[in-house]
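Presented sequentially are two complexes of chain A, the first with chain B as partner and the second with chain C.
Here is the complex of A and B:
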């Protein structure tokens, strides 16, 4: 790769596209952004009260104790009580003193009463919170500590560790004074005691986002037992959202520029110029990667400098880079496969939805479950919250998407050539081309199986993330997903090799490449051991997916050795079965892969049932 | 300068080019003609390194075509003019000059010289707003921005109006006179006949005939001798007070001369008329067993 030429292409990519957007468009886009920010600011400043402002009309005398709660709630228009007004439908509620004098009949009257009760409760809570003597306001203080979800058996055991690690283990002060230690400062402690969460003891954010989250979700730092609600990870949601949104805009522009190289053969002349296709791809990708990272850096700095988050720095920015690469690589690969802008739209929507699900959804549960670590955004959220990030956590979150991105770029680069870029070949044929282009000898079977492991890893993690909440039924479902993913990954390139004529269709060749594919997969699979470092296998579903269970006590070393080598035999045998089918034709391949999946499932099920403790 | 041996290109089961062997000397203009789907464009793309040959060997300017250094010596003009339409001619040419490591001052001078020669104005107008002819001129200028030794021009006048077509052909002829090695593919055989030193005729992926125009005419064309006599001879027609007899060999000419002498007259004039390249091409294309009749060995 020639860095000088790569940068030239990158520079011209920026210049070229900058020339395609006129000043008027830029001005309109700028105005749209300003308008969006302004609307968001107004919405945040005004809270959620704007929509139902003055919705209900209530008749209350000023002397009534209910006057103040009603007057404080913008949902109510307070008027003099009038029987006639109620009869005409101009007042939903009419009070005399503390007595409701009309029976709610209509839906609106019933809704008004419900809202009124809530308003009175909120008013009372505010009054209590503003009391100087909190002991008098809340004679009994209960400290609530929300724990990360762990395996059922070790929840209690890990509670101490968890409490101390996040610093939220403060206890209610016996004298009722507000030392603030009962809260970690986030909305996680919605029902805990202590009137004013300091958030400083645990190092987590006490900034505007957590406060906003508490306000919107009904969480409060203190209140009556009826106010206690499970914490909603609002802060994680907002932070993850902020970092995922820019990616979706960047890939639209990137996918468009990559596809436009293919339409009308515009990229043909670059291919015939004295630069390699890798320079071209990298040169055209770098501006978009830098653009995405620039936006992410600005967001991180903005959050940090505005005090909305307690942390946020290089770790958060670096953690986003694999995600940006993953978005770009998936889009690039899709743009290489797409035959028109219509298909590209489908591709970008698919990329957006699937990668957003992969990155965004787990990150929402940053503080809830360790599975959240499968997303690099979890690292981002944790860093923004001021939590310490271990190197193993960082590696666990960022390595799979990085490797997957590299493989996707590699696959796409396989299609970045005259034969594939400018033809309207069917997608399956292009996929086979992308794979067969990497086949040079029988050893390519080993290499490709290993290279496809990041796909397998990410797909299996996503399966775990999607299925772990289903309880007992999740384990067989995960087993099925794993079997399907792994058998396809081990065999699809073998089929591509036979279909393209790169492998001879002999029995001997089929057995050889099948065995090599199984070996490659086995070796690469050992990298999955990294999951041990973050104890993801504490969760039964994770254990089912990655089969990391330890043998029971009393098992002989010979058996242990055999068990360690059994996966090698499994992968080799199943890959050979698929290979034998692939050497004949597509239908035989499909049948053989199904057979291989059956063998694999039987093996996994046996291992899980007998060994997983 | 160009050496191709037994070139072969397969797309799955389809063989686009098979067994193509030819060489092009420095400064030579080599034409490739043939019907649609004959394999002309595929051959040019293999020469440019765009397509990887399935079999055979090809080198350009001493480099293997997979070597990116080879592309430094090459100017390729594809049949269409795929340009970045949001760029101007100047920015577009500077971009490619940059890729070819042409110093900025040299690139600027070369760009203006070439565009002047091509009589292209509106150099700051976006390419997307230009006519097809203007775009073609920009594409030609791009193919010359690195001052290449070898030019591969695929249908350079395709789809252009007659005026622009003549301009492009004359410009290509001028490049040939400057000593560029050019491989030129065209449907218009008159253009090929005008500027090419040698020609390869392709059909169904194979070179079915190859040589200079004289050799091709000898092999596949017809040469007619129109013998004008002062007296009537057998099979002659009267024309403007003379008699004209058409024969296809010098022996025929001799026999007409003898006949005229016997009748007390003589030969007034002998004119030679040869088949055009188009007629040669049609003869080759209509041949029942194409593919093996080489005029010269590689």
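Here is the complex of A and C:
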């Protein structure tokens, strides 16, 4: 790597880019962003209706006390009550006075009734807010305290009680975006604009943003009963989108420039110049990384300065960096694999969706469990909320994605050469090329197994995050996922090596590279000990996933040694099995890997079962 | 002819399969989110004995009644707050409510002060807090009725509770619109790709050696893309109905999706021809579609709402008016674009 050359390529990328994305494009983009802000402003100012507006039809006479709440809620269309309309399915509910006159049968009628109940409830709250006698209107004041069960007491949100008339302006329906902006006294308890369980507050960005201010200044710890906010990760959801949406634009541009290098052999000029391919790749990536970080910094500062969030600083920005790297590296790999723009579009969508769910699913548990730390977004959300973040937490959630990103760049770089860039090779062949490009000798087996570990780590963490919500069933499922992921990671590069002729197809060689691959995986896996620092193994599912990585405490030294060596033996044996299959052909490789998975699963299952007892 | 070529090349590339898988993944992902989140809330998703709430303090009688009135929770009375606290620590109760009557600051009456204790850092925390809120709101209602004399307006009694599916509203207002709008947007993006790719690779020349005009080429490409969207949407509707989610007005929905696809694809094709390069064209495509789709909230009905109302079978004249409007817009845009393409000099690309 040569910094000067790298920077020059970066400068070319930017200046050439200015020619590609000309002033007209930039002007249109600018206008579009302004338009977006304007639309959001109009929507927040109350000009827009909710997504569910007019979903249900209710029959209520004007004289009925229920007329006002129904007319206030856009989800309901108020009609003259008519038995005929109900029978035809043109009215979901029919009221006489406050008596419900039809029995809800269909799902829609039941949903309408549930919705109407909460709508009347919020109507009541609005009525009470304008009462003179606030003591009678709000006879109950609540302060909510979170305590850890079993001994240790730890108050999360201390109760600084306010007079109950303050935080009551928001109602349970998130559509009332006007009252969020109307009553933002600085000492408002806030948080009452939250999402209702039915999700009726819509998914429009503008609607979400109006609730943000209330949601981010810390949930209501005290106030009236309707102020109580369950630890719903609403802000995490909004923030996740806020930070991830810009990434999509960046990777779109990045993917285009990478792929266009491959069109019509354009990249050849750079490739034959006296710079290494790492210089080229890094030089072409740096501007986009900086761009992404610039946008993230702007968003963070914007949130901070506009007072929407309590905190937010370098920690949040640094925590997004691995995500940005991950997005870029996955797109880079995709651009190296894709054969046309059409394919690149699909690759980009896949990257977006899968990485968004990786960043997103754990982050929604921000307030609940250590699972959340799997995603760097959790760090971001916590930093924005002004919570302190320990170094281990930071390292735990940012290290795996960073390493994965680096490995992805490495794999893509294996393809950044003439044979692969400018030819139309089948996808599986390219995949093998990317791997075998790294193979130099037998010891490469060890290196590659170790290098692929971040992948394994991220994939397993994602599996844990996705499956842990299922409860008891999740442990065997996680075991299966883990076995599949690990065995493939250990053996796929062996197969690549055999297929490309880098390894000799002899029995001895197969056993040797298999053992080395197992050893490499074992060594790298020891780094997994980091998870003990955040006590992820409090959760059974987490324990099941990393069973071979961490020895349990409180057992005799002999047993510890055994427990340390057993995984090594296991990894070596299973890798050898797949290696023996891989040296023949694809089918025998598949059979061998399945066999290895079987062995691995049997081992893991026994260990989990004996440990759980 | 060219439409058929493009379609067959798409299917051969297996990318369309990938696209379907992606959409399935998006749908599964969002449903997973909602099912996961609502299961955090939904009392019936946990064991049947419900949540035990310890009540104590001066006002324990009122609290006890409120808890007993609420479904899914059961009250446990304690003589002293410390007893309740011990039971909470030992995990015998999931939450504790301590109620005291206190004078208000301005001394015009008594207020019920409740301290609610919820477990921290447990998966059930959310559920417990939701139930606590329900209980306390019941309590608040009861107290209000007792003080009705001092209120100008008596609060309305609530309609009966319904055992509604918590996913109903989400399914129709978010999931179905999402599934139906993804295909048109992807179609538009692919339209940008096919046009810019021909220009960037210089293969447009080859096509023009064939006895077809630029107009034929663009027509073929866009028709293929437009046709793809309703086909996918129909697939989703079929899958949804197999899953027991009934979708009303499928024909109107498909017409709506086709119109959307036509608008978006025409937009993509024009952008591709204008820009000639993928990077700026795609960037503008995604930004502008996002803005326009967001700006549609200024219409009387957002497209997502139109979809929801059609799917849930609550369409009004306004809804049909919107669908008609989109169809008219699509036809008009298509005609204008054809005239525009006809006037382009193919050599200038």
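In the analysis below, the second predicted complex is superposed on the first by the 416 of 613 C-alpha atoms of A that agree within 3 Å, B and C clash if a C-alpha of one lies under 4 Å from a C-alpha of the other, contacts with A are read in each partner's own complex, and residues count from 1 in each chain.
By our rule, a contact is a pair of C-beta atoms (placed from the backbone, for glycine too) under 8 Å apart; a residue touches a chain by one contact, two chains touch by 3 or more.
In this text the structure is predicted, and so the values were computed from the model without any measurement.
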Partner chain in contact with A:273 - chain B first, chain C second, else both or neither: first
Which of chain B and chain C A:120 touches, first, second, both or neither: second
Contacts of A:107 with chain B and chain C, given as first, second, both or neither: second
Partner chain in contact with A:264 - chain B first, chain C second, else both or neither: both
Touched partner set for A:62, first chain B, second chain C, both or neither: neither
Which of chain B and chain C A:141 touches, first, second, both or neither: second
Chain C versus chain B, contacts on chain A by residue: C
Contacts of A:419 with chain B and chain C, given as first, second, both or neither: first
Residues of chain A at both interfaces, chain B in one complex, chain C in the other: 20, 264
Of chain C, residues touching chain A in the complex: 10, 13, 15, 18-19, 22, 25-26, 29, 32-34, 36-39, 41-42, 88-91, 104-105, 108-123, 125-126, 129-130, 132-133, 136-137, 139-141, 143-144, 146-147, 150-153, 155-166, 168-170, 172-174, 177, 186, 189-190, 193-194, 196-197, 200-202, 275, 277-280, 282-284, 286-288, 290-291, 294-295, 297-298, 300-302, 304-305, 308-309, 312-314, 316
Contacting residues of chain A [partner chain B, same complex]: 5, 8-9, 12, 15-17, 19-20, 264-276, 417-419
Sites on chain B touched by chain A in the complex: 11, 45, 48-52, 68-69, 71-72, 74, 76, 78, 80, 82-84, 86-88, 91, 95-96, 98-101, 126, 142
Of all residues in chain A, those that touch chain C in their complex: 20-22, 25, 28-29, 32-33, 35-36, 39-40, 42-43, 47-57, 65-66, 69, 77, 89, 95, 98, 100, 104, 107-108, 110-111, 113-117, 120-121, 123-124, 127-128, 131-133, 135-151, 154, 156, 159, 163-164, 197-200, 202-206, 224-226, 228-232, 248-249, 252-253, 256-257, 259-260, 263-264, 339-346, 349-350, 353-354, 357, 361, 364, 367-369, 466, 469
